[in-house]
Amino acid sequence: MGLIDIARSKSPWILHFDAGACNGCDIEILACLTPVYDVERFGIINIGNPKHADVLLVTGTVNKRSARVLRNLYDQMPDPKAVVAIGACALSGGVFHECYNVLGGVDSVLPVDVYVPGCAPKPEAIIEGVVMALGKMQEREHARKRGAA
Amino acid sequence: MTEAARPPIAPVCDVQPTRPVSVGDLVAAVEAMAARRLRFVTATCLDMGGRFDIYYHFADGVKLDNLLVTIPREAELPSITAVYLGAFLVENEMKELFGINVVDIAIDYKGRLFMTELDQPHPMAKVQSGATPAGQGE
Amino acid sequence: MAQRTVIPFGPQHPVLPEPIQLKLTLKDEIVEEALPHIGYVHRGVEKAAERMDYTQNVFLVERICGICSFIHALCYCQGLERLMGLEVPRRAAYLRVIWSELHRLQSHHLWLGLYADAFGFESLFMEFWRSREMLMDIFEKTAGSRVIISACCIGGVRRDISDQHLQETLETLKTLEAAFDKSSEVMLNDYTVKKRTVGKGVLQADKAIMLGAAGPVLRASGVEQDARQTGFAAYDELRVEPVVETAGDCYARAKVRIREVRQSLDLVRRAIAGLPDTDIAVRPKGRPNGRTISRVEQPRGELLYFLAANGSQKLERLRVRTPTFANVAPLVHMLPGSELADVPVIVLSIDPCISCTER
Amino acid sequence: MMLSSVIRNLFSKPATRPFAPAARTAPQGYRGAVEFEEEVCIYCGACATRCPANAICVDRVAKSLEFDPFKCVQCGACAEACKKGCVQLQIDYQHPVAVRHTVAFHGPPKPTVAP
C-alpha cells in the first residue's frame, strides 16, 4: 500500500450535501464533529470543498433541482471516492414516498457504496458508515491496481 | 365541535373571524389591514375543484384576522406585495403549485420557485390543465 | 470606480448546512440586492398529506423539520383535535410543553453554536454543542430517539415520562445551565463577538411588521408577539411573557434567543413541578371535519397549520406556514447595505431552516 | 476566563464518548431496528396499514410479510398497532450495510388446496 493510500484510509475528508433532508440527519452529521462524538480523533474532517473530499455524505430525498447539484459535486470529487447515503430518505425516499417532487433515494442518481438506515441515524451509525465506506474504497482501489498491473 | 370547554385556546386559533371580500376589493381590504398595522402571516389556497378559496391571515397581536377571497379557476388574482412585500413567496408558491394567475408580484419567479422546467406544472391543483398525469387529481 | 458583481452564495456553502442560493449583487464590497433562489429541498409534503391517512400524517409532518419535529407534530395534532372535538388530558398537555421547551432549548443551542461558527468562533461552537448533547440524551431517554422523537399523537402523547426520568432531567438541566452561563457570557460580552454582530442587519419594528417577520427576528425588533401567549397545550396555565429586545440587529437576535433559553429552562422546571397525574392520551373518535387554524411557537417563530377536512380518512388540505418562510422577506430587506463578509452572519441570524421553508 | 476554561478542561473527564468496541448502549425504550417474530405473526396487516413509509407489505391471503428496512423510519407505529407483540423495536440501532436487502417471511405452508 502506498503512502497516499495509507494517508487516505487514516484521514478521510468528508463532504456533506443535503439533497432534500429534514435537517435531522444533517444535524447528526454535525453532531459527529462535536466533542461528544469527535470524529477528528479518527482523522475524519468535514470539508466544504468537493475537490478535497474523499467521501461524500448525502442526506435526504433527491429532487430534480438538487440532483443536478449532487451530480456536479460528485463529478468534482477526485478518484477514488465513496458515497454514503444517510437516513431513510436518502435510502429510498422514506416517509416522503408520496411526495410529487421526490425522485427517490440517492442511488437513483449516484452509485452508493454504503447505506446508513435510520431516521435519523445515530452519530455512531454515521461514523460506522464512513468507516465501512473507507474499506470499500480501499478494496476497489486494490482491484483497480491489480487490474492495471 | 365542543369549543366551549376550553375558552382560552379555542377562539384565538379558529378560522374565525373570516371576512369574505371580492377580488376587486382585495387590495383595498389589505391596505386597511396595513393601516391597522397588522402583521401579514400567510395566505392559504384551497383548490375546491371549480374555484379557489384563498385565505389571507393577518396577526392582530396574538389574534388572527382573516380575509377570504373566492375566485373561479383561470381568473386573475391581484398581488398584495405592493402593500405587504412579505407576501411574495406565498404568491409565487400559489402561482406555481396551484396555477393561479397572480399578477404584478414584486419579485416574480415566473412560476419557477420550487421546481425546474422539467416538472409537471401545478402539482397541487386538483384539476390539471392539459394532459393529466397518472395519479393526479381525485 | 465602483464595480458591480453578482455573486452566487450557495447552494452548497461551508457556512450553511442546507442548500439555499442567494444571488448577491455587489457594488465593491457592499451588497446592493439579494435574491433568494430556493427549491433544492422541496419535496411536496402538503400534497403527500392529502394522499396519506390523517393518522400517518403525524409522522410525515414531524419530518418536515428535524430540529423542531415535536412542535410540528404538536401543531398538527392540536389542529386535528380541534376538528374532532377531543379534549387532551392535562398531563399530556404538560408533557407536550416539556418536550416543546426541551426542543426549543436544543434548537437555540444548535443555533448559538452555528452562529458562533459563522463568525469563526469555533471553540464557542463546540461549547454550545457539547451542552446540546445533554439535551439529546434527555430525548433519547424520555422519548426513545435523539432527533425525531415521535412523542406526540392525536389525542395526547405516546409515552409518559417516569418520575425518575423527570428527576434526571432536572439534574441535567442544572448542569446545562451552569455551562450555558459560561458560554452565553462570551456570546453577549465578548469584544470580537460584539464587533461582528452589533449594528449588523438592522430591522426596524415597522419593517418587521410589514414584512411579516416571525419569532425571535420579530421580537428582537421590539414587537411583543409570541404564539405561546395564545395558551395552547398547557401554556394557558404556565404563562409566558414574550422576550423582547429593541435594537433589531444581529446582536439583539442572539440576545433574544439567549434569554429565551433561560425562559425555557424555567418553563420546563415549572411544568415538571406542576405536572398533573392524569391519563396521557384519549382515543380519537370519529373523523375530522371542518376547517381550522392551529398556531404554535417554534424555536424559530410562529408556526401555522391550516387544516381542512371533509369527514373522510384523508385531509382535504394541509397548509404549513413555517417561520423561516416568513423570515425570508425580512432577510432580503436586511442584506442590502451590508458588507459581503457579514452576509453569513446576517443569514444565520434569522436561524434559517430551509427544509421547513420548502417542505 | 480563558485560563479557567483551560484548567477546567485539563482536569475534567473527557466529553468524548468511546466508540466501538466500548460504545455505550442506548437507554431502555430506544427506537432502533425493527424486528419481527415470525412464529407469532398472524398476518393481519395492522402494521402495514399504519406504517407511514409503506415499509411493510402484508399479503393476508398468501400469509406473507415483507419488510424493507431501507424505507423504515423507526416511528414505532407498527409495534403499537401489533396486537400479538410480533413487531418489536430493538435497542440497538440499525447498522449500515453495503447492499439493499429486505426481510421477508411467510406463514406455515398453506394446506394444499386442490387445483
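Think of it as A, B, C and D in the order they're written, each chain with its own count starting at 1.
Just so it is clear, contacts are C-beta pairs under 8 Å (C-beta built on N, C-alpha and C of every residue); 3 or more make two chains touch, one makes a residue touch a chain.
Since this is a predicted model, take the numbers as computed values, not measurements.
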Practice item. For the pairs C-D and A-C, output the one whose chains share more C-beta pairs in contact. Key: A-C
Exercise for review: Measure off the straight-line distance from the CA centroid of chain A to the CA centroid of chain C, and report it in whole Å.
Suggested key: 27
Point to revise | Centre distance in Å when chain B and chain C are each reduced to the mean of their C-alpha atoms | key: 23
Practice item. For chain B, jot down the residues that touch at least 2 other chains. Key: 114-116, 123
Study note, to complete from the structure: Multi-partner residues in chain C (2 or more other chains touched) are 39, 42, 44, 47, 52, 59-60, 63, 130, 133, 148
Revision key, fill the gap. Within chain A, the set of residues that touch 2 or more other chains is 35-36, 63, 65, 94-95, 100-101, 119, 122
Review point. All pairs of touching chains?
Key: A-B, A-C, A-D, B-C, C-D
Exercise for review: Mind listing the chain B positions that touch chain C in their complex?
Suggested key: 1-3, 5-6, 8-10, 12-15, 34, 37-42, 44-47, 55, 57, 59, 61-62, 64, 84-90, 97, 107, 113-116, 123-124
Revision key, fill the gap. Given the complex, residues on chain A that touch chain B span 63-65, 100-101
Review point. Which bits of chain A are touching chain C when the two form their complex?
Key: 16-28, 30-31, 33-36, 48, 50, 60-61, 63, 65-66, 69, 73, 89, 94-96, 98-102, 119-120, 122
Exercise for review: Within their complex, state which residues of chain D touch chain A.
Suggested key: 15-17, 19-20, 23, 26, 52-54, 68-75, 93-98, 100
**Study point:** Partner chain A, residues of chain C touching it in the complex
**Key:** 11-14, 17-19, 39-45, 47-48, 51-52, 59-60, 63-67, 69, 110, 126, 129-130, 132-133, 136, 146-148, 353, 355
